[in-house]
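Consider the two complexes below, in which chain A is the common component and chain B and chain C are the respective partners.
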Partner chain A sequence: MLTRKICMIGDFAVGKTSLVERYVHSTFSEEYHTTIGVKVDSKLLELPSGDRLTLVLWDIAGTDRLATLDANYLQGATGYLLVADSTRRETLETAVGLQQQVESRLGPRPFVLLTNKQDLGEQLELNPDALRQLDSRGWHRVPTSALSGEGVEKAFAQLGQQLLAP
Partner chain B sequence: MNDESSPIARLRDYLGKSWEAEARPFYLLVDDQKRVRDAQGQAAHYGFSGLEPGQALTQQLLFLEGAELTLGKQLRLPILSLPNGRYAQVHAVRLKNGWGLAFSDATEQHSLRLHHQQTAHDLALAQRELEQRHQALQEAMQARERFIARMSHEFRTPLSSILGYADLAREDLDDKARLQHDIQAIARGANYLLSLVDNLLDHAVLEHGELSLHPSACDLQLLVQELEQLFQPAAAQKGLSLAWWIDGDIPARLWLDETRLRQILVNLIGNAIKFTKEGGITVTLEWRQGRLKVGVEDTGPGIAPEEQRQLFQPFGRGAGGGATSGAGLGLSICRELVERMEGEISLQSRRGEGTTVAFEIAAPERRAAGAARPDLRGRKVMLIEPDPDNRELLRLFLESAGARLSVPENQNQAFERFPSDLELAVVGLLQEPHHRLLLRRFKGAGYGGPVVAVGTQDDAQLQKKVLRDGYADLLVRPLRRSELIERLTAVV
Partner chain C sequence: MRQKAEKGPLARRTPRASNQDELEALKGLLLGEERRQLDQIDRRLTDPSLRAEDLADALPDAVRLRDQRDDELTEALEAPVTQCIDSAIRHNPENFARALYPVMGPAIRQSIANTLRGLVENINRTLEHSLSSRGLRWRLEAMRSGVPFGEVVLRHTLVYRVEQVFLIQPGSGLLMQHAADELAVGGDRDAISGMLTAITQFVRDAFAAGEGDALENIEMGDHTVLLVHGPHAYLAAVVRGIPPHGLREQCQSLLEQLHVHYKGLLEGFDGNPERLAPLQHRLEKCLISQQRESERRNRRSPILVLLGLLILGAFAWWSWNQWQEHRATQALLEREQALVSQLEKAPGVMLSEVRYGPTLRIRGLKDPLAPSVDPLLTNSGLQASQIDLQMRPYLDLDPSLIVERARRKLKPPPSVTLSLNRDRLILRGNADDAWVKHAHLAAPLLPGVNEVDDSALVSPDQYLLEEAKRRLAPLPEGVALAAHNGRLRLSGQAPLEWIAGSDKRLEGLPGLEGVDRQGLAPAEAAEYESLRSRIDQRALYFSDSGAELGDKQQPLLDALARELRRLQELGRTLERPFHVIITGRTDGVGAEAYNKALAEARARAIREQLVSRGVPPELLETRTRIEERPILDPQLRRVDLAIAPLQD
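Then we have the complex of A and B:
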C-alpha cells in the first residue's frame, strides 16, 4: 500500500483543521480552535482508477509566513493542500505567498488550492480576477466548505491523483 | 567526584527525578517496520499502553512517514498533538535498523504557544483592520483634496467674472447699456456662487442635521420669469433654446418653500444647459390635485445606465461630468429636497438621446384673502441691522413694499427715539444671549408687536429656539424681496 505525507498550508483560521475533520472523521464543529504545533491523521483514499493510497495528513498551525514554521513539519511532504478563506481576500494573497515559499523549500510538489467557507455565500470576497489568474497559471482549484462538505472529497482526490501521476 | 553520595551527585539525582516527574519521558526503539524493539518510561501517558516486543506501531508513528533521514539525523517535533488529547515533544533519530524515539510532555509549551499564537492572531487581525482603516482614511483625504482643488477652481471662475465685470462697470458708468450688461454678468456670477455655497451648506446640513422647509405662498409665474431671466443669457450664449410649457391650471398661489423649489430648478436647468451642446432645454410645469409636477428635458449627450445610479449620490458625477464644472452635489441635494417636500425625483436618459429629470412635490393651492401682492403699505417698520450693506438692501426691499421705515444705525439709537406707532421690527439675528436681551429692550420700550429676526444659518433647531424665545419668525439669508415681504406680511 502506498503512503504519502501531505501538509495543510494556509493562513490563520482559514479552516485547515475543519477540512481534515470533515475529510477524515466526517464531522464539523462551529467552534474555532487554533492549532498549535501539528496534528497527524491518515485516511485511505480510493481513486476512480482503483488505485489505493494512504494519505498522512499533517495539519499544521496556520501562518502567514513560512519562516515561522518549523522546517521539520514540511520535511518529506509529497504534496500539499493550500487553503484560503473565501470570505477574507487577504488569505488568498497569503496562500499565494506561502506556495512560493513551500516550493522554494521543497521544490515543485503537487498541490491543490482550496477556497474554503463557500457556505458563507453572501460574504464571499475573493477577487475573481486573481482567481482567474491562478487558473491560467495551471493551479488546481476547488471551492470547498468544511461545514457542508462541498468539494472536500474532490479536493483530496484531486491531490491524490496528482500524487500518483507518472 | 564520582562518589554517588557526594552532594553534587545527590543534586543531580534530585533534579533528574524532578525533571522526570515533569517531562514524563518515554523512550522507544522500533525497527524499520515500526515494530517495537524496546521501550522504557511513561508509555501510557502518550497512549502507548501494553507494549510488547514485535508489536507494530504504524498508526501511532504516522509522523515518521516520509521522514527519509540519513543515519544519525534527527526529526524534532516541538509540539505533536496526540490522539489521546495530550501534547508531546518528539525527538526521532534514524538508526541503522530502525528508529530511536524520545517523547516528553509538551503541555506547558502548548499552553504558552497557544497564548502566544492567539495574541499574535489578534494582533494580526487588529493590524489588518488598522491597515484597512488607514487606507480608507487616505482615500478619504485624497477625495477631500480633490474636492478642495475642484471647489477652489469652482469659486475662482465666477469670482474672476464678478471682479472683472465690476472693473468694467466702473469704466462703463456713462454707458447705460454696457453698464446693464456688466451688472447682469455680475448677477449671474453671484447667483452661481450662491448656488455653489447653498449646495455645499445644504449637503453639510443634510448630512449632519435637519434641513427645515419654510413654505409660503409662491407665485409660480414670477418664479418662472425670474428663472427665465437667469438662464436665458447662458442658453443663448451656447445657441440653445430654453422653452417653458406651463399648465394653464396652475393656481396663482401655491403653498411651498419657494427658495427650495428655486434651488432644485436652478440645479436641474443649470445642469441641462451645462451638458447640452446643441438643441435645447424644455421645462414643463403641471399641477394636479395639490401636487406640482416638473420636468426638465434636454437634448444633451445622455447618461449611461451605470452612471445614472451614482448621480443622485453626493459627489457622484457621471463620466461626462469629469471635465465640466460643479461639485457633484446638485442632484443629491435635489433628491433630498424633493423627498422632504413629500415628493419623488427620477431620471430618464439614453446615450445620444438626451436626459429628462422629473420630480413631483406637494404644492397645495393657497387661496389668499385678496389676490393682490402682499405689501407693507403704511406700516411702521423698524429695521435694526448692524451690517451696512445688508441694512441698505433690506431698507430698499421694505421701502419698495410701502413700509414707513425707521432705520437706526445701532440698537442704542433705536431705543433713544423709539417710535410709539411701531407695528413691526426686523432685526439681524444676534448671538445668544443678546437676541433675548434685545427682545427685553423692545418690551421695556413698551412695544409688544412682532419682532422678526434675519439670520444666515438655516437650521431647524435654531428656528424652533428663536420662535420659542419670542421672535415672530426667523428668515434666512439670502432673501428674495418677494419672500421677505410675504413672510413679514404674514406676521404683521
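Then we have the complex of A and C:
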C-alpha cells in the first residue's frame, strides 16, 4: 500500500485544523501548531476505485506566506490542500499566493482548493468571478464545512484520486 | 568464421600470395601449438555453451567461497530469489503448499512453543516480583497507569530495551520501514515519523544549525530516541532505559550498510514501504535489550516478611474472633432454646412468638395464677437485657391452676384439701357445714369446675385420726392410734426417738385438742429388762479347782460381752445407770482362806476377759461368796453375774 505525504496550507483561522479534526482522529495535541508549527496525522483512504492509500497529513500552522520552516515541512509532499475561508475574501487571495509559493518550491503537484465554512451561508464573501477564473485554470475546488462535515471526505478523496492518477 | 574471413583476402592476393602462404606455413611450424591453444581459449571465452560448462564447474565452489568471505552474495541474491519465490508461488501455489507441508507443522509448533515460553517467562517475572515491596510499588503503578503488571515489571527490570526502530525518509518524513518488539506501545507510526521529522527540521531551523548538523537524541523520562542520519534515510531507535554506549555505533553501522546495499531502493523510495520489506529483518536486529540481574532474587524483604506476618496475624485474630463469636452465638442460642423449652412446659404459660437472636424476643400469654417465670429467667444464664419478654394475662384451664383458683375463691379451712378430677372439684378432709354449703354454691362458677364432690369429707375425729396417721407415718409396729373428741391417744411400744419426734409432727394439726401418751412405752425399756434378766441368769463355770475357764465358756463370754455393751447403750438412753456385779464362788471343800482367794481370782479372771472384749472396766465390780458349810458341789465352781441399778 502506498503512503503519500500531503500538506494543509492556508491563511490563519480558515479552519484547517477543524477540517483535519473532522477527517482523522488525531494522535498529537493542537499545541504543536503553536510550538513547532505543524501537526502530523495519518489516515487510510479508500477510494471508490478500491485503491487504498495512506495519507500522511501535515497540517501546517496558518500563514499568509511560507517561512523557511514551513517550506521545509513541504518537502516530499506529493500533493496539498489549499484552504480558504468562504466568509473572508482575503483568505482566497492568500491561498492563491501560497499556491504559487508551493509550486515554486515543489514544482507542479496535485492540489485541491477547499472553500471552507460553507455552513455560514449568509456571510459568504468570495467573489464568484474570481472562483470561476480559478476553475478555468483547472483548479479543483470543493466547498467544505468542517462544522457539518460537508465536502470534507470528498476533498480528501479527490486529492487521493489525483495522487494515484498516472 | 574469423579463419574464413582471414583466408578470403589472402586467397585473392597474388603474386605475393605465395610469400604469405610461406609465412603462414612458417608461423604454423613455429607457433602451431601455441596458436591452437590460443584458439581453444578464445573459443572457450566466446562460445556461450562452453562458458556455461566452465561456470557450472566453478559456480558451487565460487558460491561457497564468497559466502564464507562475507554477506555480499546473500544480499545480492536476496531480491532476485525473493522475486523468484514470489513468482513461483503465484504461478504454482500447489507445489509450494506440497513442499512446505512438512515444514509448516513444526514451524507452527515452534511458534506456539515460543509464544508459550514468552508467556511463562512473563508469568515467572510477574510472580517473582509480585510479593516484594518493590513489586507492590509497581503494582500500584500498574493500577494507576492501567498498564499490565508484567509490563511494568519488565520496564523496571530492564537496563534498556530498543522498543521500536523507524527508518524514515528525510524531508518528507514518510515511514520507509519499521520494526517493533511485542511490548512497544502502538500509535500512528506514519504520524510519528512525520512528527519526528518535523521536530528534527524545527530544531535544525530554530537553532540555524550548519550543514550536517542534526538532532541526535531526544530524551524524555525513561525514553530516549536515538536519531542516526543518512543521505537517503534516517533511523530513529526508541529506547526505554539507558542506551548502552555502543548502540549508536550499531545503528550508524546498520544505516551505512543499508545505504550501501539498498541505495537504489532508498533513493527511489516512492511511498511504498512494501518495496523495502527486505530491510525489515535488518531493523529487527536492532531490537535488543538487556535485563537487569535480579540482584535480590533470593533475599526476602524484611518489610515484606513483617507485612506477611501482620497479614497472617490479622487473619488469625479475625478467625479467632469469628470462632469465638460463633461459639458465643451458639451458646447464646442454646441458652435461649433451653429457656423457651422451659417456658413452654411451665403451667399457665402460652408462647405465641419466639425470635432468637442477640436479644431473645418472646411474646405470649400467662395466667396470673401461674407461678412466676422470673426464676426461670434468672436461672437461664441470660442477662436481663438479652430477653425481651412481654406476657398478656389469660385464664388457663390447667388442673393445677383451676385448683389454685378454687383455693383462692373458696378459702377452704386448713383441714380441707382440694383436688380436681376432670371438671369435678373434690373436697377432702374435714370442714363445717356452712363452708361445705358455700363451696357447693361457689365452686361451679369457677372456670373449669362443673361439679363439687364432698364424699371424701369426714368427721372431725376421723379426719384427725387419718391426718395423724399420715403425719406420723411410718408408724412403728405395736403402736396404736385412737381419736376421741379431738384428743389423740397413742399406745403400745415405740422407740424413744420416735416418741420424742411425734409431738413436732403433730404440731398444728387442725382440730387437735391434745395428745394422750400414757399407754405408750419406749421399746428400749423392754429390751433393757429382757437383757438384764438374761444376764442376771448367766453363770460361768470353771472346770476344776483353779481359776481357768473351760473351753466351752469362751463363746459364752463373747455373748455376754455383747449383751453388756448393748445394755450399757440402752441404760444410757433410758437414763438407767447400772453396775455389773461379778461374784466369784467355790465349792465348800478346802480351807476358807484358800477358797476366798480362789473365788477372788475367778471373779477377776472374768472381769479381765470382759474388759478384753470391750466392756468398760468401770462398769464391772467383783465380789466373792464363800459357803459357810462345806458342800462338795462342782456346780459351785463358778462366777455369777448380776445387774445392779445405781441410784442417783
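The rule is short, and it goes like this: the second predicted complex is superposed on the first by the 151 of 166 C-alpha atoms of A that agree within 3 Å, B and C clash if a C-alpha of one lies under 4 Å from a C-alpha of the other, contacts with A are read in each partner's own complex, and residues count from 1 in each chain.
In this text, contacts are C-beta pairs under 8 Å (C-beta built on N, C-alpha and C of every residue); 3 or more make two chains touch, one makes a residue touch a chain.
Bear in mind the structure is a predicted one, so any value in this text is a computation, not a measurement.
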{"item": "Which of chain B and chain C A:61 touches, first, second, both or neither", "value": "first"}
{"item": "Touching partner for A:42 - first (chain B), second (chain C), both, neither", "value": "both"}
{"item": "First, second, both or neither for A:2, with chain B first and chain C second", "value": "second"}
{"item": "Which of chain B and chain C A:100 touches, first, second, both or neither", "value": "neither"}
{"item": "Partner chain in contact with A:127 - chain B first, chain C second, else both or neither", "value": "neither"}
{"item": "Which of chain B and chain C A:13 touches, first, second, both or neither", "value": "first"}
{"item": "Overlapping contact positions on chain A, where the chain C interface meets the chain B interface", "value": "3-5, 36-42, 56, 58, 72-73, 75-78"}
{"item": "Touching residues (chain side chain A, partner chain B) in the complex", "value": "3-5, 12-13, 34-42, 56, 58, 61, 64, 70, 72-73, 75-78, 90"}
{"item": "Touching residues (chain side chain A, partner chain C) in the complex", "value": "1-5, 27-28, 32, 36-42, 54, 56, 58, 68-69, 72-73, 75-78"}
{"item": "Chain C residues touching chain A - in the complex, by the definition given at the top", "value": "169, 171-175, 187-195, 198-199, 201-202, 205-206, 270-274"}
{"item": "In the complex, chain B residues that touch chain A", "value": "59, 62-63, 65-68, 75-81, 87, 106, 110, 113-114, 117-118, 121, 124, 128"}
